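Consider the two complexes below, in which chain A is the common component and chain B and chain C are the respective partners.
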Partner chain A sequence: MAKKILRVNMEDLTVKEEEVPEEYENLGGRALTSQIIADEVPPKAHPLGPNNKLVFAPGIVTGTGSPNSGRLSAGGKSPLTGGIKESNAGTPFAKTLAKKGIKAIIVEGKPENKDRYYLLKLNEDESDLVHADEWVGKGLYEAYEELHEEFGENIEITGAGIAAEIGASNAGISYTDPEGMSSRYSGRGGLGAVMASKGLKFIVAEEPKEDRIEIKDEETFNEGRKKLAKALAEHDITKKDGALNSYGTAVLVNIINESGGLPQRNFSEGSDDRSAEVSGEKKAEAVQERGGVRPHKCSPSCIIQCSEIWTKEGGEDPVGVLEYESVWALGPNCGIYDLDTIGELNRACNDLGLDTIEMGNTIAVAMEGGLLDFGDGVKALELMDEIYEKTPLGRILANGVEFTGEAFGVNRVPTVKGQSIPAYDPRSIKGIGVTYATTPMGADHTAGYAIAPEILGVGGDADPFEKEKGELSKNLQRATAAIDSAGYCLFIAFATMDIDEGMEGVVDTVNGVLGTDYSIEDVMAFGANVLKTEREFNRKAGFSKEDDRLPEFMKEEKLPPHNEVFDVPDEELDSVWED
Partner chain B sequence: MAKKILRVNMEDLTVKEEEVPEEYENLGGRALTSQIIADEVPPKAHPLGPNNKLVFAPGIVTGTGSPNSGRLSAGGKSPLTGGIKESNAGTPFAKTLAKKGIKAIIVEGKPENKDRYYLLKLNEDESDLVHADEWVGKGLYEAYEELHEEFGENIEITGAGIAAEIGASNAGISYTDPEGMSSRYSGRGGLGAVMASKGLKFIVAEEPKEDRIEIKDEETFNEGRKKLAKALAEHDITKKDGALNSYGTAVLVNIINESGGLPQRNFSEGSDDRSAEVSGEKKAEAVQERGGVRPHKCSPSCIIQCSEIWTKEGGEDPVGVLEYESVWALGPNCGIYDLDTIGELNRACNDLGLDTIEMGNTIAVAMEGGLLDFGDGVKALELMDEIYEKTPLGRILANGVEFTGEAFGVNRVPTVKGQSIPAYDPRSIKGIGVTYATTPMGADHTAGYAIAPEILGVGGDADPFEKEKGELSKNLQRATAAIDSAGYCLFIAFATMDIDEGMEGVVDTVNGVLGTDYSIEDVMAFGANVLKTEREFNRKAGFSKEDDRLPEFMKEEKLPPHNEVFDVPDEELDSVWED
Partner chain C sequence: MSEKVKVKLFAQISEIAGRKELLLEGETVAEVIDELVKEVPELEDELFKEEQNELSEDIIVLKEGRNINYLNGLQSEVGKGDNISIFPVVGGG
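Up next, the complex of A and B:
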């Protein structure tokens, strides 16, 4: 049964099924969202205007049951960066779309009445838009509970939160986790605001009775799937009781703090002994004590299982996972070394529909601007209330780091292309800085995770202080674009970079689904092509290579303890875009 | 006696006199500020960080007594646009600097203690920095009165206001008018915030006992001066009892409203009968009745005298001039058709240190965002109080149109390169749109005033709906850059475009002062060179030709009454930068 594209027009409130154009047939995930945006959105469109579009696309292998294949890409023109954006998440919603035979959902236009919100219900045979005004102003945890009551326990949900309702540049898109909570996110770049600007509040879908997954070459696929599963089961980082399975992504807290690259108090130092208080190890203990869940999978096919369910003491107020990035952003980067406060801040982000990285950085910049003191978790939580109440201060904060820096006169603003820098200081770990600077996404660690060879000894060994990192970042960015298109979780790369069979498994499963005969080189070329498409969109939107730079202060202020600045030459950065 | 450059280092609080480098000798005004910024400021510097600089430079002929030569340029990297900025004003401060032999003041660095403010006192023989903390948080009208009490009646003042203290992107630099009030402005682009970011609150100067103006060829100069004076006295727009002298710049209200190009209610219509209530003619009558002053000169050598002193009824609360742009921005563009309200809003802008164009546009966008209703002057005035009180809402508004649009989810944001569009809708008058799009300054009518031939029949006749306006805008931009460098008021161009002898007069006076032998072609080439320097700075700061575009909505929404969109092709825009 042929896959289809669902075109949701929010101006005339119609949902149409379209055939998949031939040129999109072998695309999925990021490759497909970026291509559709490049094809259909004028690069100078206002991100929250009627000409921007929001695209959802499961990956090529998503829904097949191949390990860790439960990723969903969201794409659009970003209100945060002004450039193209793809942000993917692991969520059961991904496989539900794939099983329904939906190659992509394209949301376009906007309703005349801008205060009206709709819910897109994807039914077994057709889809319709119904009013959703009753959930406006409601937190997403509560809203998702009510949606389950209304539409059944078996649904998956995509939602835009309170932050999105005010058009905030830091509004992410929330997805249900396996428990049905709002804890999985296409967080970065403000795509939640794009969704809400179109009057779309939720998408609700139930797994279809008829599974429309198509695998063109079952044999190749199955071989690949086994190879990949084996590699994941063997590698120290991805195996059962390995680093990720035992402690989650926050296992990195101690490692990166030790390396001197864990930014403290708005990127003013690179380590602090108190970071150990919020480490993955401490967190895993606490989850155990409180009766939370750990390990846990964010989506059905996951075998790494790095996720968890964090709760308050006594098991109250389940949050979902506290990822490394979230713990760092809302914790050490704000001078907060207390998991309970971090958990509450994270829950507020999930509830409001905000990216935790951007929000943590925003609080840190507000701290530097004198709005509150570093370490003041009580006031930080009060700031979240400002967003719930949509006050002017809440509007400032929900628009992210650069906006807040401008409002409060802070010049040390850690952003690239308007998006804030994640949890690895590029002065201490230079290769990741090359990725931050050059990816079309704005500062993004997942776009080319140089930390693997620079710190973890995965995929080779690279000296973190070495400046020649153009080639490394380029290759990682290309491989990542391919993985994001396949629909695999990026964490498979820990295994596939070190175990050749694992990499073969990835290529085999893709070939199996598509009936193609791609080589690894073809896959890398495919990734390079995705990047080219994205960069070309950005060029037309007004970006130049001068935007591929880290913020001024990182080139001038030395970061303790290594007292390094970011000194990778501009030419090295530009080399990422040379063939 | 050789001229000098004053270098004010706000980090170590020193003021040094430097010789004028040979390559700067024949530069002045905009040519000099832009060249110094290009030479000394890293294009990627944070506008409010220590690496940006603020430069003041009187024009080449400023202080000579040539007609309308009292202009002062301020330059720096703009916090509003992120590009290079030159903003000039007519003020007696200009000739005071020139007579002191000051070719330029370069303010650089910033003090360690960011809450400390200083006053630069330019004495007869040396200069020093003294504390100015007592004026923090005070309105500029009151502050200037106190400064006159402290430093004498004969001083001129440059100041940064309350808006600048919060680093607001719409903070202008205020200068004294001949009455000593804060009513003359380098308003656009946020250079007041740059000044305050350096801890510099005021510059105070007294006219020196020794006049250091140097005219190398008195005969040529005097001939030129007479030619120019004659042309100004003859032309209908510039002569005594002519359009500008009788009604001020606001004479344009009726004219542009009639043309269908006077933007109403955030650029949603191009004319409204009520505009007549705030016309220059009505205003001149009211000034008369109230005992204000009209005509009036903004600086000593002016013979056009388009200025005035607007007051409340009964002569209370003198404001200074209500310019056409201010009346429009704070009036019809906000749906306000009442000169008293406009006068109060304008006084608040002058008092807070805000550009009226950006502020009026900001209020209009806030109105569109639902913060207040169009036409609600009472609430508009209350919004100004938020800035006095530095509340979060005040911080949003003081950061200008784009910032406010983002905070309140408004997509119809009339800006180019982050700076808001002035009082001529480019859909009805297309040549001015070419200037808005392509000038390195962000949307700026003064950069290449195509209105002259398009509406006023000055400098030829051009159909406002005609799209081929690249050549026109290019020539106007080049001529303007030269005039801004010479130190002449742009309004001399009304006469010099139509009367050849006037143009000769301009060139003669410049040659007289410099001892050069420039032809008119040389002067145009000089202007072209200034533009090239500015554009190259912007390129290195990250701008590309894709930033030389008008906002999306102007290409899509038809503007009544002519129901035109802005349809000048991109290629025509780009042609401005072809030789």
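Up next, the complex of A and C:
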């Protein structure tokens, strides 16, 4: 049965099924969300206005059972950056959409009554928009429990939280994890606010009885799937009992801290011995002692299993995973070195519908601005209450780092294109700085993960102090755009960058699903094309190469302990966009 | 007279060694690692390639926060109070 696009019009409250246009047939995930945004959204549209659109698209292989293929892309014009945004997540919701034969959901328009909220219910054979006002102002953990009570256990949920209701630029889109909790996120870039601006509070998708996954060439697909699974099972980072499986993504806390690149107290230093208190090793021990879950998979096809379920002491009140980025942002970057405080801040983010990276950076900038002291976890948690209560201060904070920096007169504001910098300081690890500066997404480590060769020795070796990183970042950004479109978790790249057969497996599975004959070179060209589409949208929205720069303070202030500044020349940054 | 340096072990390396930190002597990274293996023989297979005096590719060694591959490798000099950090291959994001 042919795949379909669901067009959800929030102005007249209709849901229409459309055939997939020929030019979209071989697209999925990021390639599809970015192409639809480029085709249908005026680049100067207000992100929260009627002309912006929100698009969800599972990847090309999502739902097939190929390893680590449970990714979903969300796309739109970002209220945080003012540019195009694709933010992807691993969640069971992704395979549910794919199995329903849904290639993309396009949400457009907005209802006349801006205080009305709706729930899009995707049933077996039809879709409905029903009222969802009763969940306004409610935290997402509780709301998801109630939605399961109302619609049964056999559903997956997407939601916009309290932060989205106030149009906050840091409002992410939440998805269910395998336990049905609100812990999986298209966090970055404020797409939750776009969703809520359209009056859409939730999407509830019933698991379909009939599986509508299409694989055009089963033999090629199966060969590819086996090759990829083998590579993932062999590589030290992705294998069972390997680094990710044993300690989770926060295994990076120690190595990045020891390398002098773990930003402390709003990017004022690059290491602090207390960081070891919140390392992946410490956290894995604590999860075991408390009776949490580790390892854990974020979505059904995952074989790496880097996830976990963090709980309070005694195994109570599960939060979901505490990722490396979240631990850093809400921890060392705020001078907080206590996993329980970080866990509660992460819980508040998941419950309010906020991106943890942006929120942690916002608290750190508020600390810099004197609203609270570095290290004051109690006050940091009280600030989250301001957002629950939708106070003026809460609204400032929920709008992210730049907005908060302006409100409190701070000039050390770690952002690129309005989006805050993640957990690697680009002064001591320069290649990742090239990615932060040049990706169309605003500062985003996942857009071209130069940390792999610079620190981890994966996919080659590159001295983190070396400035010639344009070519490295360009190739990583292209490969990443392709992986984000295929629907694979980016972590497969640890294995596929080192094991050729794994990379062949990725290409084979894509070819198997689509019935195409792409080579690895074609895949890189595909990725380059996605980037080109995104950059062109940003150009029309008003961005130029002058926006492909890191914040001024990173060129002026030396970062201890290595006392480096970001000294990659602008020409090197611009080389990312040369063919 | 060589001085004490702090050797920090992480993730699986630390689990195998059963400890996180040691104070050892040596004037180069190679000498310090030799001391480490004398102290914790279980680490020899983890740290070195089979029957070769070369570090395994699955190990990352930092001296004062810099990968020794970008310094003078195993011959990198160490001084009093230097930190050496040893990691297995790790990844995340």
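Criterion: the second predicted complex is superposed on the first by the 579 of 579 C-alpha atoms of A that agree within 3 Å, B and C clash if a C-alpha of one lies under 4 Å from a C-alpha of the other, contacts with A are read in each partner's own complex, and residues count from 1 in each chain.
We take it that contacts are C-beta pairs under 8 Å (C-beta built on N, C-alpha and C of every residue); 3 or more make two chains touch, one makes a residue touch a chain.
Treat the numbers as computed from the prediction; the structure is a model and nothing was measured.
Of the two partner chains, neither chain B nor chain C is touched by A:488.
Shared-chain residue A:549: touches chain B; no touch with chain C. When both complexes are overlaid on chain A, the residue A:48 reaches chain B alone and has no touch with chain C. Looking at the shared chain after the overlay, A:271 reaches chain C, while chain B stays out of its contact range. No residue of chain A touches both chain B in one complex and chain C in the other. Across the complex, chain A meets chain C through its residues 236-238, 243-244, 246-252, 254-255, 258-260, 271, 280-281, 306, 324-325, 428, 445-446, 449, 451-452, 455-458, 461, 463-465, 490-491, 494, 561-562.
By the touch criterion stated above, chain B contacts chain A in their complex at residues 42-46, 48-49, 51, 79, 166-167, 169, 197, 391-393, 395-396, 399, 403, 406-409, 411, 413, 539-544, 546-547, 549, 551-553. Contact residues of chain C toward chain A in the complex are 8, 10-12, 14, 57-58, 60, 62, 64-67, 69-70, 83, 85, 87-93.
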